[in-house]
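Letters are used for the chains, namely A, B and C, taken in the order the chains are written, and counting of residues starts over at 1 for each.
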């Protein structure tokens, strides 16, 4: 054996200062968590919380078995839900395309004014959940499918716009240079050099969002914007738990099918 | 050079459906669906027109938001939203790490794997808002139900991505650590943790963003937070306050997105 | 045909890419532009069709000064200048035919290009050009299904579809192997001879330039340091253009390459 007696016996993976800051960061996080917890639970009625398992068991026992006879009555709302998602996605795409071109650094006509405006539209649309959009639209244009469609469309602008403008910024600039060198108009450069490069990304984004929108449109009815959520809301209101189970099962099935459809579409089109 | 011998027309070959009949059939089907779908939308023109005036008021409320009149409500809502976002994210992470490890096929035996994957599937399949409805029914109104909702949703999101990440770790590094005779815990610590930690941090920060956005929604069904305030404001046609709340949400999302971007860059 | 007078380009950062470059190119002449990277070859070529806007000087194509045109008039003049690129710059997801027809974009109204309904004579010309570059049976393939040499042929066909009065060629062989490089250069010189087209070819490969062009312009730090026949290029001149060490290294590399494939060597090309 070699003599190792004269080497240091303590080894630490980081320097003392780094360890100290890390330790403080963790401490701060724990303190923040405790503080938030206190603040949040200020008004919590613990009796309800301790009663929760009994409530859960109660609801659970009422929920089974699902009321299968309710299924036929759900077909029309389901059709509405799918229409909300599809038409809303189409509307969102139609509005997101110009926004994306205005927001992309390499295609925007004015980097000083239009680009920030387009970016704001994207952020505003993205930060506000489609349910909130629906809440607003139901108040403004009245309950019904239209409010749902517009809500889905408004929420989709930000999602599609963001991913699309990132895709536009990543394109290869050389074909664009080559097409402009032939004396083509800007619209033709767009058509021949830019659009072909973003088509695959565009299809993937659109199908992906449609899939998400199917999920979201199932609950828009909770605030009156049409679709199967309306039935969910009214069933909960009258505490018809077997019907609720039926609706949830149908939603689950729809989501699984839409996921399969979107995966198939993506594979076929790209 | 004679050019007359060459064809003078050219059609781009079809990209998707080669057969002409199928192509037309597909177009027809799409058109038919659109007509049917558009037909199912009943538009009450009079209602929409009368709503336009309200729409105008909303837009002006958005442009001239009123932070003052309902400030105490807004403040309470924001505090609830922010606190339940943070606590739910922390608890969600703490629970999703073991579940994520359990759901990684290369680390755990089949029964544990299946159980963990099942938990993840349930959490992902149900919308936050539906979970919130049930939790409000069980735990009563207020941010505690919201906290539970967000924690539950966080588990599905983080545990799945973490498990997928662990399943994709570099097998050679893992093998090298295993070859040293490390125990299961040492293996997690030395082979798995260094490889997935950066992404786990990134995903956690991302989930913090999502949780805040969701916290503004679940209030609609009674789970506390700024969503409840917003719901009340809209119900009372108080668009100036609603505009203020929406602007606050947008601002907080922007700030948190920017901050988490910076933090991620700093930590990596 | 082309008259360049006092052309300069300084970037906003203060870097001077070209300083007062002047030369003329008569009809039918192929000019090789040589020089180390960063000498301003690419900038010079792009200043001619204003993909890069020159800071000073004039570029006369026939009777028209390209540096003084507005956007619309510039597009009209760009139709007369075909350009061939280093990495082909094809639109990979479009068919070969669409890439060739894109050379006609400056001539057709937007709706025709949008619907891909080009006038019969344009389509016929495109087919003829594809035949000329040997790709007639590939017309309906997507551009990304072709090999490098084939793609560059499509690039050539696209430039010729413009019916240009001048060809600008930017490192046409930089992404190709030596054998394909020679094929492409031979095709270019033949086509220029057939149509009496003047061409400016950026080329970093001096031996290849010597083999195919009629006149060489040497650029160093944005200035012309040599202008004459390839035969007049001497070791000392090349050493000034590239710097002595780099030139020696380049020559050795080329010799090794030729030793490796002696059968490909063209005889008498040096003359």
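Operating definition for what follows: a contact is a pair of C-beta atoms (placed from the backbone, for glycine too) under 8 Å apart; a residue touches a chain by one contact, two chains touch by 3 or more.
Predicted, not measured: the structure shown is a model, and the values here were computed from it.
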{"item": "Result of counting contacting C-beta pairs for A-C and A-B, higher pair", "value": "A-B"}
{"item": "Farthest-lying chain, centroid of Cα atoms versus that of chain A", "value": "C"}
{"item": "Computed distance of Cα centres, chain C from chain B, in Å", "value": "51"}
{"item": "Chain A-chain B separation of Cα centroids, rounded to whole Å", "value": "5"}
{"item": "Inter-chain centre distance, chain A versus chain C - centres from mean C-alpha coordinates, in Å", "value": "48"}
{"item": "Touching two or more other chains - residue numbers and ranges from chain A", "value": "none"}
{"item": "Junction residues of chain B, two or more chains touched", "value": "none"}
{"item": "Touching two or more other chains - residues of chain C", "value": "98"}
{"item": "Chain A - residues contacting chain B, complex", "value": "29, 32-33, 36-37, 39-41, 43-45, 48-49, 52, 55-56, 59, 79-80, 83, 86-87, 123-124, 126-129, 131-132, 135-136, 139-142, 144-146, 149, 215-216, 218-219, 222-223, 232, 236, 248, 251-252, 255, 268-269"}
{"item": "In the complex, chain C residues that touch chain B", "value": "95, 97-98, 101, 116, 118, 120-121, 123-128, 131, 139-140"}
{"item": "In the complex, chain C residues that touch chain A", "value": "49, 51, 75-79, 81-83, 85, 87, 89-94, 98, 102-107, 110, 113-114, 155, 158, 162"}
{"item": "Touch list for chain B against partner chain A, complex", "value": "16, 33, 37-38, 40-44, 47-48, 51-52, 54-55, 58, 79-80, 82-84, 86-87, 90, 125-127, 129-130, 133-134, 137-140, 142-144, 147, 213-214, 216-217, 220-221, 227, 230-231, 234-235, 237, 242, 246, 249-250, 253-254"}
{"item": "Residues on chain B engaged by chain C in the complex (per definition of touch)", "value": "1, 3-4, 6-13"}
